[in-house]
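Labels run A, B, C and D following the written order; every chain starts at residue 1.
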Amino acid sequence: MVSIGFKAGETAIILIEFQNDFCKPGFPLYPGIETILKEYKVIENTVELVRKARERGVLIVGCPVIFESDYRDLGQEFGIKANVKKLGVFRRGTEGVEFIDELKPYIDIYVEGKRGLDGFHGTNLDVILRYLGIKNVAIAGFLTNVCVESTARTAFDLNYKVIIIKDCTAATSWEEQRYAEVKLFPLIAEVMTHKEFLEKLE
Amino acid sequence: MVSIGFKAGETAIILIEFQNDFCKPGFPLYPGIETILKEYKVIENTVELVRKARERGVLIVGCPVIFESDYRDLGQEFGIKANVKKLGVFRRGTEGVEFIDELKPYIDIYVEGKRGLDGFHGTNLDVILRYLGIKNVAIAGFLTNVCVESTARTAFDLNYKVIIIKDCTAATSWEEQRYAEVKLFPLIAEVMTHKEFLEKLE
Amino acid sequence: MVSIGFKAGETAIILIEFQNDFCKPGFPLYPGIETILKEYKVIENTVELVRKARERGVLIVGCPVIFESDYRDLGQEFGIKANVKKLGVFRRGTEGVEFIDELKPYIDIYVEGKRGLDGFHGTNLDVILRYLGIKNVAIAGFLTNVCVESTARTAFDLNYKVIIIKDCTAATSWEEQRYAEVKLFPLIAEVMTHKEFLEKLE
Amino acid sequence: MVSIGFKAGETAIILIEFQNDFCKPGFPLYPGIETILKEYKVIENTVELVRKARERGVLIVGCPVIFESDYRDLGQEFGIKANVKKLGVFRRGTEGVEFIDELKPYIDIYVEGKRGLDGFHGTNLDVILRYLGIKNVAIAGFLTNVCVESTARTAFDLNYKVIIIKDCTAATSWEEQRYAEVKLFPLIAEVMTHKEFLEKLE
C-alpha cells in the first residue's frame, strides 16, 4: 500500500480523552499510562502535532468523555465502565474531566455525547466531520487499544481514511501498545509518528 | 388501538428546544410561534407537566440545539438552516440558546450534540434512554411539525412507545399544528394533552 | 435560494417502496394511492426519470421494506405498523414485496435492512451513498408524507442536498400530498418534477 | 465481577461470517483460520451451541458480510478491505458467500447490510435485537480480533450484556486469539466456552 499525502483542508485530528484524569500526575488514570506517556513523550508530541497541523489548516477536534456527576448515564457497571465509577473519573464539573491546558488553545471544536468506547457512538463526531468535508481522520489519545481503537474501527467503517499517530497514544502496557500498532491498526489505518504525519500534510 | 397507562420509571419526557430564542418575547423565533404558544398556554402546561411527572419518577430530558458561534457546525445553508444563521439563533454562549428559567429546575439531563432536526441524530439521546431502561417517550416542544416530528419519527423507528403532548407543542400556524396532530402523529404516536398524559402515568 | 445543477456522478435517486404491494392493482396498498398514482402518472414518470438519469450516470438505489414472513421483525404493533401486519403486506417471499418489473432493470443497488419509516434507519443506505461519493439525494416513492418524508428529513440531517421528485411520489390524499410538497419539504429540500430534475443534471 | 445467568428469552447468539469463504477447505480465507478452527473445533462447537441454545429459546442471528459482485459497495480499498477484493471473497451470488450448511437450519433471522467490520454498522442488527427485547448478546465467528471484536465493542456501547463464546471464534494466529481473549474482551464482555454458556442459560 502506497501512502500518499493528506490535504490539510480535508483532514482532522481527533484528540481522544486528553483530560486531566488521564494526563496529569495525581489524577487516577495517570499511573496506568505513565510509562508510555513518558517514553513516547506523548503530551509534548501532541502539542507540537496540533500546533503545526492547525497552522496548516487541519481541524483539531477534542473528544472528551464526560459523565453526569451521579453516573446515571454510565450504562452497565461492567469491566472498564465499572472501573470508571470505582475510580470516580470523568465526572462533569470536576478538574479531572477538563481537557489539559496545554491543548485547549488549539482545539477548534469539541465532540459532545461520548459515553462509551467509540468516539462516534452517540456523538456528533460524524456530523462535524461530514459537515466540514473531512476525509482524513488522524487519531491520538488514550487508551490506544480501547477508545482510540474503537474510534479508528468506526472511522474505517465510515470510509474515512484513518491515520494513527502512534507516538501520540498510550496504552497501559507496551504489550497492548505494540499489539495495536503492529497487529490491528495496519488492517484499517496508516500508522505513523507525528513527525511523519506533519510531513505528509499538503 | 386501546391506549394503556405508562409506568413512570420507564417513561421520559423529551423537551425539544424550550430555549429563549423560541419561547421569550424579544427573541427572534418567538413571533413565529406566539399564537399557538398563547392559545395553548404551552409554557404553563409544560411546567405543570414536568413538575408533576418528575415527582412521579418520570425522567425529564432537555434537548437543546446549539451551534458554535461561527456556525461552522451548521451544515448546509439551506431552508430551515439558512434561516437559523440569518436570524443568528441557537448560538453557543448567547442568552437565546439557554433553556428557559421556568423549566431548568426540572431537567434531569441534557442531550448533547443536536445540530439537525432529529433529536436522536448525532446525539446521545438514545444512549441516555436505553441506558436508563426507558420504553415510553413523551415529546413536547418546537416546532411541532419539524423537530418534534423528526424526533417522534425516529423514536418510532427505534421502537419506543411515542406520545405527543399536543398542548405542549407549537408550530408556526394552526394549519401545520393541526396537520401534525390529526394526520401524521396518529400513524406513529398517541396524541394527548398534558393532563391526559398525567392521568395515564402509573 | 438559487437552485443550481446536480453533477450526475455525485447524485443518487432513492426509490422508496416501489413494490407491488403499493403499485399494482389487486395488491392491498394500491387503492390508497391510486388517485395520485394516476393523476400524477407516477409509474410512467419514474420509469422515464430513472432511465434517463441512469444513462447520464446517476446511481439508482432501490429501497424496499421487507419483513420476515411471521413479522417477528415488525416492532411495535401500533399505528402504521399495525396496519402492515393486518394487511399482510411487505412479507418476505411474496409477490407483493417485489420491486415492480418496470423499474427492476434500472436499479443499480438495493438498500438492505429497512424495517421502519426512514430509509436510513438500520440500513446500509448511508454506507452506500458515502462509499460512492454521493452528495445529492433525489427521493421518489411512497408514502410522500411518511417514508419519503422520513428519509428526506434524515438525508437533510446527514447534510446531503435533498431533492423531492414530486410527480414521482404519492400520498393517500391530495391534502397530505400538498401539505408535504408546499409546507414541509421546502424547509429541507428542493421540490421539483422529474422533468425539471432531468434538466438540472450536469 | 460475579457472572450470573442469562434468560434465554432475552438472549441472542450472533454468528459473525460463518460463510463458506471462511469455513470450508478450498475457499480463500480458510487457510488463515484453519489452525484455530481445528484446534478449538469451532464448527462442531458452534453447531452444538446453536442447536441446544435454540431449543431453550435463544434467538440465533446470522450475520454475513456480502458485497455486490463488482464490489461497488466495498468502500476504501485499504488494508483488510483491499484483501477482500484481491481474494474475491464475500461476493453476492457465489458459493463462498453462503452461510455453511451445518448452521443454516438453526438460524432464525439474518442481519442485512454488513459491509464493514462492525456487525451493527449500517445494518438492522440493533433493530432486530431491540424489537425482540434482547438484552444479552453472545458473539461467535471470525475473525476474533476484527469483526467479532468490532461487534462486541459496539454491543457494549449499546449497553447489551456481551458474551464472547471463545471456542466458537478464530483469528489468524494464536497470538491474536489470546490477546483478544485475555487482554481486550474482559474489559467489555464475559469470555467463556460454549459449554459454560449453555450452563448459564436460564
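The criterion applied here is as follows: contacts are C-beta pairs under 8 Å (C-beta built on N, C-alpha and C of every residue); 3 or more make two chains touch, one makes a residue touch a chain.
Just so you know, these numbers come straight off a predicted model, no measurement behind them.
Novice: More than half overlap in residue numbers between the two sides of the chain A-chain B interface, or less? Answer same or different.
Specialist: same
Novice: Of all the other chains, whose mean CA position lies farthest from chain A?
Specialist: C
Novice: On a C-alpha centroid basis, what's the spacing between chain A and chain C, in Å?
Specialist: That gives a centre separation of 39 Å.
Novice: Please tell me the distance, in whole Å, between the geometric centres of chain C and chain D computed from their C-alpha atoms.
Specialist: Inter-chain centre distance comes to 33 Å.
Novice: Using the average of all C-alpha atoms in each chain as its centre, how far is it in Å between chain B and chain C?
Specialist: 28
Novice: Find every residue in chain A that makes contact with two or more other chains and list them.
Specialist: Chain A, residues with two or more chain partners: 75, 115-116, 121-122, 127, 131, 157-159.
Novice: Can you check the complex and tell me which residues of chain C touch chain B?
Specialist: By the definition above, chain C touches chain B via 1, 75-76, 78-80, 82, 115-118, 121-122, 145-146, 150, 153-154, 156-159, 161, 175-176, 179, 183-184, 186-189.
Novice: List the residues on chain B that touch chain D in their complex, please.
Specialist: 127, 130-131, 157-159
Novice: In the complex of these two chains, what residues of chain C are touching chain D?
Specialist: 68, 72-75, 108-109, 111-116, 121-124, 126-128, 131-132
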